[in-house]
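All chains are identified by letter, namely A, B, C and D, in their written order; residue positions are counted from 1 within each chain.
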Amino acid sequence: MQIDLNADMGEGYGAFRTGEDESLLDWVSSVNVACGFHGGDPLTIRRTVRLALGKGIAVGAHPGFPDLLGFGRREWVVTPEEVYAWVVYQVGAVAALVRAEGGRLCHVKPHGALYNMAARDPVLAEAVATAVRAVDPALVLYGLAGSHLLAAGAAAGLRTASEVFADRTYQADGSLTPRHHPQALVHDPHTAAARVLQMVREGRVTALSGEAVRLRAETVCVHGDSPGAVAFVQQLRAVLERSGVRVQSPA
Amino acid sequence: MQIDLNADMGEGYGAFRTGEDESLLDWVSSVNVACGFHGGDPLTIRRTVRLALGKGIAVGAHPGFPDLLGFGRREWVVTPEEVYAWVVYQVGAVAALVRAEGGRLCHVKPHGALYNMAARDPVLAEAVATAVRAVDPALVLYGLAGSHLLAAGAAAGLRTASEVFADRTYQADGSLTPRHHPQALVHDPHTAAARVLQMVREGRVTALSGEAVRLRAETVCVHGDSPGAVAFVQQLRAVLERSGVRVQSPA
Amino acid sequence: MQIDLNADMGEGYGAFRTGEDESLLDWVSSVNVACGFHGGDPLTIRRTVRLALGKGIAVGAHPGFPDLLGFGRREWVVTPEEVYAWVVYQVGAVAALVRAEGGRLCHVKPHGALYNMAARDPVLAEAVATAVRAVDPALVLYGLAGSHLLAAGAAAGLRTASEVFADRTYQADGSLTPRHHPQALVHDPHTAAARVLQMVREGRVTALSGEAVRLRAETVCVHGDSPGAVAFVQQLRAVLERSGVRVQSPA
Amino acid sequence: MQIDLNADMGEGYGAFRTGEDESLLDWVSSVNVACGFHGGDPLTIRRTVRLALGKGIAVGAHPGFPDLLGFGRREWVVTPEEVYAWVVYQVGAVAALVRAEGGRLCHVKPHGALYNMAARDPVLAEAVATAVRAVDPALVLYGLAGSHLLAAGAAAGLRTASEVFADRTYQADGSLTPRHHPQALVHDPHTAAARVLQMVREGRVTALSGEAVRLRAETVCVHGDSPGAVAFVQQLRAVLERSGVRVQSPA
């Protein structure tokens, strides 16, 4: 029994900061490093890669749309050719910075709107997956559990990691409860850990409606940009380990 | 006897174009592909890489300062740490796009203000050279003949290519005659070819003052962004080849 | 009988150029100057404003989405608050550059995806119209004939100009024939002029299907970025004037 | 006896934040709002303008170099034509957003490297001053005490405000002690207030060397981006007011 805890990191841009908390690096097993398009300049990327490698954490690339103002969260009209070229460019850039620090890039997790659009659109999913393979076929592709992105990764011959969310509730169809819903979020780390344990052990999660939904959990997305976020992750990890689940990256 | 003819390429940005003429690809032996900072978006880079690989031309990276508005020509205050991270990032990104097209990145030539500043500043030169080596020690580093950049490349264990200009005159100290000087430019391709032949065969060039200046010529910078530029390169190449100089990339 | 001929201008960005041809300034009665978001840096804007004012042409602002890579043509998810603030910012910036050159900004025409989205979405249309009014209620708002943007402009108390296209054919519902359709474009300037004359005189245009479509024509969009484009406009203007239609801006 | 307390504000960019603390708005008499080039997107600018107007604080524009990555702090080679166009553009944009909120732009204070370069270079100083006048001759130009910028503002017929720093020490020549000097900073608000009082009342400050330096103090730059910064300003203001100095903007 094992699970990966992953967090986004390195999303600052020059003097600009996001709310990320680097002390999260003490509690996760993998980090997704911004690649310069939605955040993350080369100096910030390099510093983040160094920190992560120094702690023995698996380093991945976190490519996004070229939309600094929208932080890569804005959905827009793209062609698969654009997505392919954008992903190869970004993953190649971060992979070089990781190698320059003596490490090796382990995985790729698309960011924001690219993550969401590639989850539901098989054409964009294929563009992402073939781009990742073009850079390095040994990379693990992280994607939303049950999404087109994971299917495209498998079809491209990549190893994949099915991502779940510890702090979000699910709908009966396996999708995340939209953020505006009053019960969208799980605030208590023990409840969150119990849910993750259920996913890891049983391959399913209880939806808000009470139904059991099948869900493969190989990596859990955690955050460090809100008050109490680090403590939440720390407790989540402690509960998982006490329950006999080893926290480690898939790579 | 051999010489490389290199040209900058792929500097467009989305719908924006520079004056470059892709028919130049028929006459050069290597191209320096923009890397996204001063010009060159991933789609444009990929298309340019494809064109060049299809013609059997050596593909290099042409990293610049992150200054799209100034086209990377603006000199500014930078730290060696910034330059190092910016070069690793850009070269890594373009190298990945070249690999994705089935090729291999052959060389790196800094662009604009980065080229000029790394030519005269040994600290920035070292930052560029070590960044290139960090991405791939087999890369050839192109730099201004006699510059600190070539010295730094050699010190870093890289192969280097000493660059000269066919369409520019030289001063007695080996520097280029500034562009505002009435005799800065060489317009006639036969005169230009004669000068390049002298550089290749004798390792020297006649300065404006009449003095002979020692100059190592391994690659010649040519341009495709002015009227008559392609014809100039075509004739330059023809004269060189008729004179028994083989035109090929150093890689 | 009068009509305005308007063209986009000043869309270059630093060393980057679009295909625009400034000789078009000799044949149009108003220009829409890019505002820095999809193209147009302050120096380019200022130079374009100077040229236009020197020829006595009405100068307008051409605000777009902050998407330099996509040249403002990419549709994306936006809030009305964003659109409002983006339009006030851009129009205010260009208005200041016009005043600094001794002129006065006359009109606003949204660019690219903003133009299209504000044409069909009444909420975005209202955001644009109220933003224009907030900068200067004397500005004329240009928008697609029959669109929500014109309705929003009128509702905001602005003068509006209903825009038609001389080089495009129309559908029976008044919309433009999509560009991929084989008969989408009108290439012959005499045919184009006849169509514009019909719109100006009769307030209608013959759709591809043969039906007459009601269409108010107060300004005609012309282009300078393709071979023959300037000659097209020159001939269009000549035919209009010979037919007794005065070419002048609505402001 | 009166003095202005000014602070930079609105420098965030989309989801990115700087360390600024908006509670500083309760203690200053004027704010310098970022204009989109070094920081500050239109939505952030608008929100900041609203907050400031709601508290009755004088709103100014804070134009900088178009260098988001370097936060406008990087010195670089610029022409006076660029600086002129960049300042007109930015000040015009923010002035429009202020008018749209029912207010009026009161002053302009250049940011970062533009502030420093315009302080010591009379040609750039003139470019800034004439740009500000071109937008609105009623604007007050803030500049470093004793600098070329203030002289250029006066020569352009603008009202000026001579800026001093409460948390920095001065050299015998009137310049600020460089930041790397161990005694560069004044941490104690009472010491800072005593220094400001000396400047306001006597028109001089005691340099690190012990010499009295003549210095005109019309506005004091304060910061909100470090721990304790707001408390520092609050105490500074309290001491000034208890000492009979009225805190208000020059406009």
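Basically, a contact is a pair of C-beta atoms (placed from the backbone, for glycine too) under 8 Å apart; a residue touches a chain by one contact, two chains touch by 3 or more.
Everything quoted here is computed from the prediction, not taken from an experiment.
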Identify the chain pair with more contacting C-beta pairs: B-D or A-D.
A-D
From the options A-B, B-C or A-C, the pair that copies C-D, where over half of the contact pairs coincide
A-B
From the mean C-alpha coordinate of chain A to that of chain D, what's the distance rounded to whole Å?
42
Averaging over Cα atoms per chain, report the distance between chain B and chain D in Å.
43
Can you pull out the residues of chain B that are in contact with at least two other chains?
41, 66, 69-70
As the complex stands, chain D meets chain C at residues 36, 41-43, 45-46, 66, 81-82, 85-86, 88-97, 99-100, 131, 134-135
Show which residues of chain D lie in contact with chain B when the two form their complex.
66-67, 69-70, 74-78
Touching residues of chain D toward chain A in the complex: what are they?
12-19, 39, 41, 68-71, 73
